[in-house]
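Pasting the structures here.
One chain, chain A, appears in both complexes that follow, with chain B as partner in the first and chain C in the second.
Moving on, here comes the complex of A and B:
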């Protein structure tokens, strides 16, 4: 009987208390208190904000669609920006992603390509848009260029990873028939990565659509300009109308891209 | 059927419906591109001097303004606080909604759909727009930025958390249920150990994204390094803009390295 008790004592407790984890949670809580103090949060400010929020919501409803022509033309421009940026971004990403894949390319090509991708990824599209607005002036083209940079950063990276994960057998088989590099790419690599690649492309279209509604805030064209103007004029009912249009457009785009992914799986 | 007939048959990889829908996809994509290119409003006059403008931009950026380094670092720290606190608030809000969204935890379709709707709304509105809305509510400053980051992140973190919950192995859940454990115990001892790696991975991933996003919130007055950027931009001090951009670049790269290292250890 006592043997059994000893055995039980030796066995680790099934639901042991993890002191390290508890310490971690305490540190996190301490940090939160410190950060909130640094940022100047206070309950008074928060409750004042809730009051403002109520008035703000009252002014937003009902949404004002009377200037629908302006909204429609802004949305159309956002769509144009997103579509062109996605296509151009994919075109540029194909060679860059290929160059960045370590299994098909030597190191002296793949590392510079990876560095370029990291550079494209590290800045928010809005910041890139600011630079392009300065370089090529206000308008849709600046937005397109900014989103092309963002697309390169996202698609090339995923594309390079997809190429690195392919099975080498098919590539070797095609190579064994004496095929050239281009034939190896088209016959050995492309069939393996196409479904995933369509997935990335449609995700990027969604993402570009979201951002194309924003680049207007810094002068990059699209619905963002109308949104920001309405906001600065305190026409919050127009702001809500524009937001409703943006959200429904993005939901529609998500349904469409979900369908596209299913077709290519 | 003879052997030759067999050989003459044309073999195809996809069913007719699949081929038709693929064709429809390509047609739709090309049509969208053509329409967009033909109707987009581009002012060609602006393009003529684009290379000069680019060169001018970089000339003005160099040399960097050393006096602007200190205010940049102060606002950079504010940005890090905004991103971190925003991520924590987002997770606190996203976990209950994620529990509602997971079909195996909450077997009720209306509640699942409600949670999905919350996620979609959170993700469809850009963080800059969330920031605009919260600047109107809380006034300019980091509070608006933090809440904006939190609301923007609920969709992403919640959706992935719900997916992790749905993938959890039912074995230990059933064992706990059979032992008469309460709902809370099942969550804490059945689900939590299974989703913990996914949870930390999602949180880190979102933190990384939020650092990027919180860097621009200041453009609409929501605090952080964006305010320093906006000030320098409005005054056309491009050498100060360059300092801010460099600071953002360094922090983003550092955050990515940290996240990769920690993820490799946690997972």
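Moving on, here comes the complex of A and C:
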């Protein structure tokens, strides 16, 4: 053993030590301790919170479905907001994602497109929803617009990345036949990206369903309004009923999107 | 660019040479040329093999011809028309008359064999037809005929990613023939294939070329295959043509000059 160790003594180290990374980890740990202290996190505060939580949970059971008509109409509106926003968002994202792809587009197109996507991504949907509620008034339209912006920010970027990862060889071969740009897109690019696009689109529908239950809190329509009212009136049993309906809706969407992905694989 | 649109018949009447390269130079980085002034005249028929070590610019040469690579300077006269000066529609119209076969087949993996073959018609068919898959019936009939000819009947609806290497290259050749090309460029068409399949692929390529009177340029690593199938061999080294003649006259001394050294020949 020691012979081997001696052999390696005058050779360079096989695994370089990364002092920068070690320092980074240490700084992160220190900051976490500091931040917890600043915010007053302590075991005492934690146990107080647990007691409060227990009372809250007790008031939630059993869930109260007596106002099911209100819940049903709210959920239906949320679903409509989500589907419309996803459809419109994807429709707009297709050309924007293409324009943002650096392998198919020159810089003077892709950089402005990337800038626009970054702008759409820079605010949380709830902030955009507040903007639209102020701008165009209460109701589902504001919610739809907010989620369209959120969808553009998210899937345009994913579309662009999917397009940038395609095999250039397949595109080159189609281009070599004398095909025009549109034909190259249809026969060389679209077949390569379609399954991933379907995946992103179903994921976005899923995400918009969740977000559509939230825009109502700021006046953007849907179940969120009822949920917020129930919280404010301390009707925690109604809150639980609404939460159960939302969870089942999301799970149903999950099953459907898994099925859609399989079909388009 | 309108002016460079080819007038039918003018070029072909001028000479029977399919392709004339004059002083073709390509620099990917300034000051280090990959091609150093290639002069070549290709006849209107026959199979020309380009041999040479890796990195000597064989692929670049072939890709300059259909402008997948932009040449730095020089002329590429194809039936009398300078391809190096074309762009836009004129370039696409020239490309559709040039079939290309790739080393790694470059089929669109998620499309069926039939769709890949019909890609060869994209220079002629408007995009909306491609999108709706409404290709002219004549094109579809020719595609089926070609599948029979390359020995892949019943493969039309198979997806390209389900094929073996040899099958893919047959589809690749059929796609090039679908263009009804006036010349075929083949970039190392057999380098990813086993020896037996390589011979079969070369046989298909040379059969189409002679049946249809299409000249073929093949980049090839395998000197034996080049000797067997080519009517003419061009040897390249260091971005220049160092041998140009019939395969029978290609001697060990030439090979030594092309590939450098001699130990590898033993």
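In the analysis below, the second predicted complex is superposed on the first by the 234 of 265 C-alpha atoms of A that agree within 3 Å, B and C clash if a C-alpha of one lies under 4 Å from a C-alpha of the other, contacts with A are read in each partner's own complex, and residues count from 1 in each chain.
Rule of thumb we're sticking to: a contact is a pair of C-beta atoms (placed from the backbone, for glycine too) under 8 Å apart; a residue touches a chain by one contact, two chains touch by 3 or more.
What you see is a predicted model; the values in this text were computed from it and never measured.
Set against each other, chain B and chain C touch different numbers of residues in chain A, with B touching more. Touch criterion met: A:124 reaches chain B, while chain C stays clear of it.
Once the two complexes are overlaid on the shared chain, A:35 sits against chain B while remaining clear of chain C. Shared-chain residue A:192: touches chain C; no touch with chain B. Contacts of A:44 after superposition: neither chain B nor chain C is touched.
Residue contacts after overlaying the shared chain place A:176 against chain C, while chain B stays out of touching range.
The contact surfaces that chain B and chain C form on chain A in the two complexes do not overlap at any residue.
Residue ranges on chain C touching chain A, taken from their complex, read 66, 68, 89, 92-98, 100, 102, 104, 106-111, 115, 119-125, 127, 130-131, 172, 175, 179.
Only residues 167, 169-170, 172-180, 182-184, 186-188, 191-192, 194-195 of chain A touch chain C when the two sit together in their complex. Within the complex formed with chain A, the chain B residues making contact are 18, 21-22, 25, 29, 32-33, 36-37, 39-43, 46-47, 50, 53-54, 57, 77-78, 81-82, 84-85, 88, 120-121, 124-126, 128-129, 132-133, 136-139, 141-143, 146, 189, 212-213, 215-216, 219-220, 223, 229, 233, 245, 248-249, 252-253, 256. The touching residues of chain A, counted against chain B in their complex, run 15, 28, 31-32, 35-36, 38-41, 45-46, 49-50, 52-53, 56, 76-77, 79-81, 83-84, 87, 118-119, 122-124, 126-127, 130-131, 134-141, 144, 210-211, 213-214, 217-218, 221, 227-228, 231, 236, 239, 243, 246-247, 250-251, 254, 260, 263-264.
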